[in-house]
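So, here come the structures, one by one.
Paired with chain B in one complex and with chain C in the other, chain A is shared by the two complexes that follow.
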Partner chain A sequence: MRRTWYRAGALAAGIIVLAALPLNSTPYTNYQVALVATYAVAILGLNLVSGYAGQISLGQSAFFGLGGYCAAIATARAGWPLPASFLLACALPAAVGLLIAIPAVRLRGHGLAIFTLALPLIGVALAKRFLDLTGGSEGLSARIARVPGWTGLDIDQWTYYVVLAIAGALFLLARNMVTGRLGRALSTVRENEVVAASMGISPRRYKALAFAMAAAYGGAAGWLYVYTIGFVSPVEMELLLSINLLAMMIVGGMGSVLGSLLGGVLYVYVPIVAGTVDPVRTTLLYGAILVLVLFLAPGGIARALHRTGDWLSDLGDDWRRRASAPEETRKVHGATTQRLPRARGGDRDDGNGSHRLRTRRE
Partner chain B sequence: MRALQQVIDGLATGSIYGALALALVLAHRATGVVNFAQGQMAVVSTFFAWSLVQSGLGVVLAIALTVAASLLFGATVERVVMRRFERESPMITIVATVGLLLLLNGVSSLIWGYDLKAFPPAFSSGTLRAGEAAVSIPALGTFLVLVAVVLVLYVLMMRTRLGLALRAVADNPDSSALSGLPVGRLLMVGWGLAAGLGAIAGCLVAPKLYLDPNMLAGVLVYALAAAVLGGFDSPLGAVVAAWIIGVSENLAATYIGVIGNDLRISVPLLLTVLVLLLRPQGLFGRREVVRV
Partner chain C sequence: MMGMALTACGRDESSGGTQSTPGISDSTVKIGISVPLSGPVSDAGTAQLGGAKAYYEAINAAGGVRMRDGKTRKIELTSYDDGYEPGRSAQNFRRLVQQDGALAVVGGLGTAQNAAVLPVAKELGVPQVFVASGASLFSAKPADNPWTIGWQPTYEAEGEALAQAAIALNRPVTVAVLRQNDDLGKAFLNGFNKGIEGSQVKLAGTIQTYEAADTTVDSQITNLAATKAEVLLSAVAVVRLQISALTKARELNWKPVVLLPGFTQGFSTVLKPSGADAYFDQIYSTGFVKIPSDPQWSSDQAVTEFTGRMKQYSPQANANLPNAVWGYATAATFVRALETMDGLTRQNLMDAIRKLKADDIPMLLPGVTVDASAAGKSPVNVTKLFKFADGKYSLAQPS
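Up next is the complex of A and B:
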């Protein structure tokens, strides 16, 4: 019960801080935070297919870029209203994702990973091919963010609020999806496909669904990116982005909504903290962090935090129990007090990428 | 006649995809892992060979030394990095290889830099003519090396005790350990062999593509497609699939206007989709049976 209160309090405090932040910070910071939210959405999508459904996708950057082009072309070129182009940026990648997933889920083992590896390469080639539409390698400038006059905000502050509001809504949606029926179905598919099938959950259908949702989130993130940066080019589709997003998803925490957010933070701030824009060192750093986290905390940072939280709260309970116990009992049991395992609320461990179930390797 | 030339060129590029595909299949057969870092490991090997050549060694000798060094390199990577993840879910192993990919990419850019480097060809650069079709000697050499490697691998995997042990460990590490096989050492051998093969692939393709840290990213896509198409367990299947991909990609790029030169990368994907819809286990793969 107390944990729920802590959580609600932390969430409220976080929202207040995030709402007040852009009013007192530089445009640079505002754009950085908006980018964190943008990449967090892309990583969240990846998490749906990888963390929850257990399939690795290396194609997220293709959907990210596709969403970006949807935003730039539909709004800046064709003059669509922003909500319409946002819907397009979600729907088109989802449709493409579904189309690709249908044959890909037939592959045994990690077929999707191999399959999706080609998507960014094809995406880049397509973007360069349709020069008239996409601007080719030069990219497409599309300043689609407009501040409504009544707000009195600067462009960076308005962008910040819009991007964070949309990202927040998408996070809430994902959280509700994965804690419900859908999340349970996906976890079952991940743990054991045969068991899932025997319970009437079609592994192929759910994997395809997860992949389509991941694509939609990737597209939405691409839209947010163009809304923030005002520019899209084939670089936003490159394979390296997919790989880095995957790496940061694992580091943040597979199968964890909080982990996706942490992944977004790391993706944006690792290169900055490293004090370098040198792509060489950034790649090295991402790789080193990923391998290190895999060695030290295979569940990612979110899970490590969770563990620490549990440990602290257990410690607190212990101390309280000992303090409140009457002197007599303490004497009797004190020496050999063995803390009973506290009943854990429901399936907290479920879906945290912690499964050690030994899957037979094909 | 032009079509014939396209087929020959396709077989030549297919041989390159095939070499890397073989490395992937070997790693998969020996350790049950799809190694996304295979291409990046091969790039590191190729850079090593380049450094040897720069220091004055002959190309063939440099490549031979590199292959030997790569055996050690692959075994070390298995022992130091991958061993930790082999008992984890296959998903974690794949992610670990992706981490390895990033790490090696960063390391090789840090050591050797980003600018393109010319790699000396192992074969002389003449062409052989038969009628109107011409085959370049490097292409023919690559082809022959590949055929030789397939034969050696076949004998190694199917006719020796080591091959039998490697297959046993990949299939079921627990039972293998119970039968007294040194599982850890065999996994190291498997990774070493795969890295050696990757080194051959890298050194053969480097004169054509120029050497840089991202040289094999595109080739890896083709190689993975070939491995999937061939069934991921069959060396012969991988090589045949690589040739099919090489030839069809060349023909498609030449004769199908929509695809052209820039979209040729979509050909292996489309081929894989087509084959897998009809035959999910791949051309040469065995159907997988899951026991609950």
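Up next is the complex of A and C:
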């Protein structure tokens, strides 16, 4: 009971701080926070397919870019209303993702990863080729954000609120999905496909679903990016972004909603922190953080935070909750950790319900 | 904090810059730059920044920039890394303007990166000048983009200059074309087409294209060789693929006159590895700056000064990359604009830039001038033709 109160209090405090922030900070800061939310959504999508369903995807930047082009072309060029272009930016990448996933999930092991490697490469080439539509390598300027007059807000403040509201809704949606039936099904598929299949959960179907959802979140993030930055180009599709998002997801926390948020924060702020020391070492710093986290906190920062007392993740929480209900905490946050003996190997079902039982224990 | 939050609705905007111009004090001018200092193009970005820094530091060491109000000001350059990501370039622009109070952002590198900044510059009314990109969009429409201007010759201008080499053969020739399959490649070919208009030069067969991610252009070169064209316009922007193109032509015993873009003209990077230096009789390329390592400039005053300043102020940057020279000459162009400002506002700066003419910017080739007054053209819009012979490029005077 007390715990719920703390949680609600922390949440309310967080919302008030986030709501008040843009009124007192520079436009630069407001756009920066909006970018954090944007990349967090992209990483959250990646987490659905990689963290929860256990499939590495290197294609997230392609969906990010596709969503961005949807925003720029549908709204800035074709004059669609913003909600319509947002829906398109989610639906089109989801459809493309599903189309790709259907054959890709038939591949074993890291087949999907290799398959998705091609997406940014193809995406960049297509974006450059369809000059008239995409503006080629010069990109498309698309200032699609408009402040309604009644708010009295500046454009950066309005952008901040819109982006944070949409990102917040997407986070809530994802949280509800992964803590419900879908999340259990996905982690069962990740832990052991044979077991999943024996429970009536089709690994292929759920992997494809997770991939399509990841694509939709990637597309939504691309839309938010264009709403914030007002620009999209083939660079936004490049493989490097996919790799960076994946790295930030691992550092933030695989299979963790909070970890996705942390990933977004890191993605935006690590280069800035590195830049104050020596920007040339940014890549090195990324690498160092990644290695450090893998060694010291294999589950990512989010999980390390949960484990070491939750004091950052649940701001208002205190020692009483930990003293009284450590098990419960673990159940909530640790349901998908590697604490379960992980089994791999019997990763094939032939679709008729009979399975190869070639399980190897780690 | 909360009190402030409750009283503030919207924001009192006072950074419009009417009372005192942001970025200019009695003793300093604050400017900014955003370049890739990390990631795959960090070498070019570091060189671009290093060149600019070397020039500004040398000016500061000599006292500063003497401006028309009689005051001498030192230049404070703030630089941020954008990792070659357009979103970060746009954010860096805001940071430089809104947090650091820069007067202008000068000499940023990259096409998409600066295209992302362009609308922000317009929104904030802050100069985004002397952009390091060969795309024409930065200088093309001064009426639409009053706060933005490019610097170096466009890809069109480069293509047009190369056409002169084909025309100079002075006989009916056909040109086989290989270009990148994007707007860069198109711009290059457009310039070339414009250059050969009304001459005896014609394009041969089908134009071949490649993607930047391709691993080889063998089949394209095989197709082009089959046309037996006398000239090959190998407008390849990727070093690895240019090597592949020239190597393949050599293997096929095809010996056309070769025209190369500035991106992939290097002797040690392209010509030597592909064996092209010894095989082809005639290789042409273009340029507009002095190449510091070229022996013909070894006693040139501007070049020795450049080399010395690079060593002194930017030892970490590779002075042999063209970006270092561009950054240096761009800084010199900007200092010239500061010297000719009537007044101290950002608008005064843009006015000075749009009137700027100079024929003595260091490191530009003889005959290459800065003229930012021609609306729609980039400030440096002359490109010279170079001929490769005896292991080096020299200015070609095709007769």
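Quick notes on this structure:
We adopt the following convention: the second predicted complex is superposed on the first by the 302 of 362 C-alpha atoms of A that agree within 3 Å, B and C clash if a C-alpha of one lies under 4 Å from a C-alpha of the other, contacts with A are read in each partner's own complex, and residues count from 1 in each chain.
In this text, a contact is a pair of C-beta atoms (placed from the backbone, for glycine too) under 8 Å apart; a residue touches a chain by one contact, two chains touch by 3 or more.
Nothing here was measured: the structure is a model prediction, and the numbers come from that model.
Judged by the touch definition given at the top, the superposed model places A:K128 against both chain B and chain C.
Looking at the shared chain after the overlay, A:E236 reaches chain C, while chain B stays out of its contact range. Once chain A of one complex is fitted onto chain A of the other, the partner contacts of A:A288 are limited to chain B, with no touch recorded for chain C. Touch criterion not met for A:S202: it reaches neither chain B nor chain C.
In the superposition on chain A, A:T179 makes contact with neither chain B nor chain C. In the superposed pair of complexes, A:P103 makes contact with chain B only, with no contact to chain C. Contacts of A:V194 after superposition on the shared chain: chain B is touched, whereas chain C is not.
Comparing which residues of chain A touch chain B with which touch chain C, the overlap comprises 121, 125, 128-129, 280-281, 283. Chain C makes touch with chain A in their complex at residues 1-2, 4-5, 8-11, 13, 37-40, 42, 46, 80-81, 83-88, 90-91, 94-95, 98-99, 111-113, 115-116, 118-120, 123, 135, 137, 181-184, 186, 211-213, 316. Those residues of chain A lying in contact with chain B across their complex are 50, 54, 56, 58, 103, 106-111, 113-115, 117-118, 121-122, 125-126, 128-129, 193-195, 239, 243-244, 246-247, 250, 280-281, 283-288, 290-291, 294-295, 298, 355-362. Chain B makes touch with chain A in their complex at residues 32, 34, 36, 81, 84-85, 87-92, 94-96, 98-107, 109-110, 114, 170, 172, 217-218, 220-221, 224-225, 227-228, 260, 262-263, 265-266, 268-269, 272-273, 276-277, 280-281, 288, 290-292. On the chain A side of its complex with chain C, the touching residues are 20, 23-24, 26-28, 31-32, 35, 121, 124-125, 128-129, 131, 136-139, 141, 143, 152-155, 157, 225, 229-231, 233-236, 240-241, 271, 274-275, 279-283.
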